[in-house]
Amino acid sequence: MSDIVARFRLDRSGFQLDVDLVLPGRGVTAFFGTSGSGKTTLLRCIAGLERAPEGLLSVLGEVWQDQSTWLAPYRRPLGYVFQEASLFAHLSVMGNLQYGVKRTKSGQLTHFEHIVDLLGIAHLLQRQPQGLSGGERQRVAIARALLINPKILLMDEPLAALDVQRKQDIFPYLERLRDELAIPVLYVSHDHHEVARLADHLVVMEAGQVISNRPMSVAMAQPDQRFQRDEDIGAIIDGQVGAIDMPWHLARMDFPGGGLWMRDHDLPVGKKVRLLILARDVSLARHPPEQSSIQNSLQGHITAILDDTHPGLALVQVRVGTSLLLARLTKRAATALGLQMGESIWVQVKSVALI
Amino acid sequence: MKFIRLLLLGCALLFSLAVHAETMTIAAAADLKFAMDDLIHNFKSTHPNDEIKVVYGSSGNFTTQITQGAPYDVFFSADIGFPRKLAQMKMTASPVIPYAMGRIVLWSATRNASKMSLSSLTDPSITRIAIANPKHAPYGQRAEEALRSAGLWDKVEPKLVYGENIAQTAQFVQTGNAQVGIIALSLAVNPQLASQGGYWLIPDSLHSPMEQAYVITSHGAENPLAHQFVAYMNSTPARAIMTQYGFVLPSVATTK
Amino acid sequence: MMFLSDGDLQSLVLSLELAGSVTAILLLIGTPIAWWLAHSRAWWKVLVSVTVAMPLVLPPSVLGFYLLIAMGPQGPLGMLTHTLGIAPLPFSFAGLLVASVLYALPFMVQPLQNAFEALGDRPLEVAATLRASPLDAFFTVVLPLTWPAFLTAITLSFAHTVGEFGVVLMIGGNLPGITRVASLQIFDHVEALEYAEANHLALMLLLFSFLVLLLVYARQPARRQDGVS
């Protein structure tokens, strides 16, 4: 009931969209794929900007489209952020922000300041869109979409039109959104790093079809060449800062399954973090290591042994608590250790990155 | 030798063509539309190589154009006043020659106008009556005079619509947009119009005489064809054609 | 107006009344047509485009002639007005309105169509995702972003109607106060050799046209942007 069910079939000359999806009703779901894979079209179908003749769409228990129902886009309680910021040129930033608010029944400005703060645009309110930088415009566009109290936020490559520096500027705002918003976000992107940083759930698309639809952690632990490059293969784990060792400048990141020590990033205890643990930085051992330079050791169970990109390599998937980690080792080492599915094993993590 | 003879013959032919092939442009009042076509056709039987162009329109407009140097050689006006004005301005190359007295008729394309009279125009089923614009069209002026003389002007005026010239007036009636019109007799007798409805001749006692006249313009002064055509207008065949189209010729009018 | 006669003044007022009414009607029917032309993907859209553009190339006599026939008692329009119990259209102000609306249609539709096409779908989609119904979005987004085109279309339609002569001549019947517009009045003055009167009225129209075109051309060049940034 609290999910998103989307089933669309759309025929365009030279392109066909054919999807049948159930998506989680919370968190950030990324639609990933190359251009032409149909991810933007799918998002437009969900918004009602594209009308698929055969379609079924229910969002958090409300039917927006089925055989007898068609909710016009302006009747769908959603927020939409386009690739280009698309601010109205004839209105000031304030005018743009208020445009949707005025048209929303529940439109009150109680959370106006909160959202304006969240996106850091308080100092821009009286400006005209033409005078803003690309990053500023996109932040205004996101605020404008959020101010109408949407039940779901759709974002179509909101960073694609920005240069690297602007992307870096705006990313913290997106992460704050992810952490603070209670509504589901559907996020279209063709950038693996964006997706790895933001998504809780991953839908990979190709030629108008869905080829994978899984939680992010599961998707990462079952590497897919279409999604990841070789050197990017690793596990993503959500956790929070559990403790700080001031004298040694270290911080412990806790996640369901244990804790990992890493360099202190001056984050407060309790702060949510997302960790990337590359497969090449993880090794396996039969026994708890003693006197090793590697301080992060965790016990888990082998859940899968997968082929890697090179015939001499294997990827071993290990469940630690409820999290999945990936270890890259040679097949010879795997055979020498006699690794078997379901076995208990010690995981040694050499390096952890915050993303 | 043979070749030279042929060459000479060719030159002679070309020369004779150059001598005889004259061109002329006539500006004619719209009431002459059908009559003038016949006149030219008849005239050309004796002048097969000459080219005659005719422009039909309103006499007032032609007068303006001629004063501005329009290339008309002969001007047939529906009202003698216009060529006289040109004569005063020294823009003519011949005397102003009357050629007919114009007559006006009631005509309808949808009713039998031959059974009508001017008083029929008050019939409520007649909602639109077309006349030429009395402000500048001679036939329109006579139509207004006739209606005033008959004491009908005030009753009929709200129904009037005005054509720019007598041809457009006829066109309003022919398309049925006006049930009745007051047009030139010369147009009403044309078989194409006479086959529809019918006409009733308005007594000429009801309006001032409509003396019609033509003149050779300054532009046509040196054009021999213009002078030949004017001479032809006095010939028996030309007079016969004019009479056939309902024009009352000056000599007849004076003997009356 | 010391040097204009009552008749001249009346014709001038009539011209302005006609042009004003035509422009108002065209705004109502031309805007949706322009909108449809800018957005439709129907194959027969090109036929509508051509039909709308026809008055640009057709001599007024063609339109005038067919309208006179169509509005006549045997014509389809004439039969329609008869059936509906409306007064016949020829020689009436309503008839002039119909003819002038047809004749000025491209001057309203084409500038608007170009503006709508240049604007694109995006501003409307943005408005829709911000809860604006299509009509709401038209008035609060499209109109503010395309008003220069509206100004151009209104000015051109108005001026073109004031400058119209041929069609009015052919179906108007030259009725003072009803169909005798200024351009016709000038023609009558010329035909009656009243050059001074013709000159006065013509001068008025000359000035009017100059000022109108000045308004169109001297305006700031239309903002070149997509409406969203």
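Going in written order, the chains are labelled A, B and C, and every chain counts its residues from 1.
As a convention for this text, contacts are C-beta pairs under 8 Å (C-beta built on N, C-alpha and C of every residue); 3 or more make two chains touch, one makes a residue touch a chain.
Since this is a predicted model, take the numbers as computed values, not measurements.
Connectivity of the assembly in the absence of subunit C: the other chains, held in place, form the touching groups A | B. Chain C has the Cα centre that lies closest to the mean of all protein Cα atoms in view.
Work out the mean CA point of subunit B and of subunit C, and you get 37 Å between them. We define each chain's centre as the mean of its Cα atoms; on that basis subunit A and subunit B are separated by 90 Å. Centre to centre, using the average C-alpha position, subunit A and subunit C are separated by 55 Å. Shown for subunit C are the residues that touch two or more other chains, of which there are none.
The touching residues of subunit C, counted against subunit B in their complex, run 68-69, 71-74, 78, 88, 90-91, 169-170, 173-175, 187-188, 190-193.
If you check the complex, the residues on subunit A that touch subunit C are 47-49, 72-74, 78-80, 82, 84-90, 99-100, 103-104, 129-130, 137, 144-145, 148.
Interface of subunit B with subunit C (complex): residues 58, 60-61, 63-64, 85, 110, 127-128, 130, 133, 135-137, 160-164, 168, 171-172, 175-178.
The touching residues of subunit C, counted against subunit A in their complex, run 122-123, 125-134, 136-137, 140-141, 144-145, 223, 225-229.
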